[in-house]
């Protein structure tokens, strides 16, 4: 494996191998080794959570980290093009972890760099390492990912985590996927066209709350709405609270890639279905395993 | 010891043990060991000086560092609550060093985190590691902290370093503490109510300059004044210059937590009483000892 | 060697020794050792490229790095003077790498710091490590630096890289140096007065393009022009494109300290003369050698 650009770069077998290594890391049977290796954390778009989890993954595996947390103070702000910035990082590091707002930028970078590129989220479509963490969480809870019913709630249009999850699920035969969103934030047709499993679009989560095994929630962002009132109304009706999850199976799981703002009521945190903190706890071990796959330590 | 939240979490015996370890570190008889440990430098409020000294303390003890220098580029700016951010850092690091503008935030974080939290300054009241550095400096100069006369000069209302020092002194029987400030910046009643030693409030340092053993100076900040003229007037009369320290004992010490702006004339730097650079030199060793107390290396 | 402040601090012999060590590092015969040493990357003025290359140099040699990427979030923004900030870093690190907008600031810092200071660019005149990288590139291409014809193109007035190169060339007997710039951006008289080799000022590169062995290009910055139209006109006529380099010797080299914006057409990248990416690839090894000269690892 050289690069990690898209969830669809992996076969199901490769994904399960990564999961088994993560299991082993968590039980002390495997230790990733990045000794002597430098990881560049190139966050052209800020993301503390993802950036720091890659940093922790690298450092805890014996690697070193350099990079930037936003493009504001970088040469980018002087007008440098992405290709030149990537060439620079290629000289400075053994692996480039990058986050960028534009679709396809990680792929583009991987074609320029001689070192491996790990996509830490680009554009609206790809966030492969988050999707692996999400699926790993599902597997750890249900033992198998196959045959489950998923509900995706909130912004299904711009959230790269949802788009990555929808596509990685093509490898896992879900029983049914419910796409629950306001009309403005429906999933993109180009994504729906890629899906090989049954799905249904709807707008009210309560119609299916008793059916879903996994409810995947995302933030609805103000900037997606022209009208402030419309935003407030939509936000309110897509907010997960105790009332909304009435009737949810006890063994079902609520996931969220985090950070959350108000889209999950904090009283949900202590319900048995709240699994987003467990999900978050898998970020460092899984990313350690991935970095170890693309860079071998001394 | 799990957390370092307040100066009053320490007994006098514990403080003296920390000082003895710091002595030993400075004479090469002790080496803190943070090998394999990750320290999160979580500066929700910027402070280069404190952040970099913790980084230096961690790195020079074999530890690794990740974190952020302000909350501008963090998930906080996306609206994440502090609890979620702390839970994130708890997954990424072995110890969380945090600076935050709100009183009580380090305590709150320590209740959420499973890993130790070190308060690198929060709100107006607590900056325990700075207070330890300050007292350590006094002890190194006077051999004992007991029975000395202190003068605190400048902003006694908002400066967390002063409030921490006033409270740590309750363990050290000062002979007298003079609180010298403009009326707008007098010490808070809630702090004064905690003091178990003689103190006196006044507004002109010259009334006591010949008496003090330790003059602790802080910056007077423009934003505390509604009126620019008033600020300029106050600033001028609380500026430490050669004239102001006429009559000061030769073996007395001027301390300042730094950074200073104009509140200490640079010509003071070469007087025998100027000890703020010595004080600053103790930041890294003392913080190394403290980190080593809360996190044990491999 | 304690500090690296100016290209003129080096004798030619010392420069050649640095180059030989860099050769050896690149062929695996030499390994810089910064083990246990902390490098402070003090970038009062942002420069991702230079800052990250020093970080990579330090980390790949076993050192550790702390610092800041701009003065916005530092104590400087609270009004601290440079001397106090340098004293702080002197407590925190074994070497201070600094970038600052003011001429003479690195020299000033070196007089205050007990630890070595490496100038990573200050003011308009000095960028010694870049000049060494540039000359090293020339030497690697032409085997010797002596007797070559150089053309400097673009902003010769404010570009510290050009001013450093012009001065380091006083050690290398160039055959001729052409200074090609718009009238507003001509080289400074004080620099020209230092030169001990033949040079000529002109405004059209095409008059000498067939003669130059090395064409050193720099960015022309908008803020140097009062008039936007004037800027656009100048920028256009100093832009290196395929037409402009017609007649250039095949074995000639185009250098650029990077980042570039539009001053070199990307189609130039695939010409045999384009050597700026090679030049960039020498940044980390040469800076590793330099850091190793001023700081010895454990």
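The chains carry the letters A, B and C, assigned in the order they are written, with residues numbered from 1 in each.
What we mean here is this: a residue touches a chain if its C-beta (ideal position, glycine included) is under 8 Å from a C-beta of that chain, and two chains touch if they have at least 3 such contacts.
Note that this is a predicted model, so its numbers are computed, not measured.
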{"item": "Arrangement of touching chains [line / ring / star / complete / other]", "value": "complete"}
{"item": "Interface composition of copies subunit A and subunit C: same or different, split at half", "value": "different"}
{"item": "Centre-to-centre distance between subunit C and subunit A (centres being mean Cα positions), rounded to whole Å", "value": "40"}
{"item": "Residue numbers of subunit B (touch at least two other chains)", "value": "none"}
{"item": "Footprint of subunit B on subunit C - complex, ascending", "value": "38, 40, 64, 66-68, 73-75, 78-81, 83-85, 87-89, 91-93"}
{"item": "Residue ranges of subunit A touching subunit B (in the complex, touch as defined)", "value": "46-49, 52-53, 55-56, 59-60, 65, 69-70, 219, 258-262, 266, 277, 280-281, 283-284"}
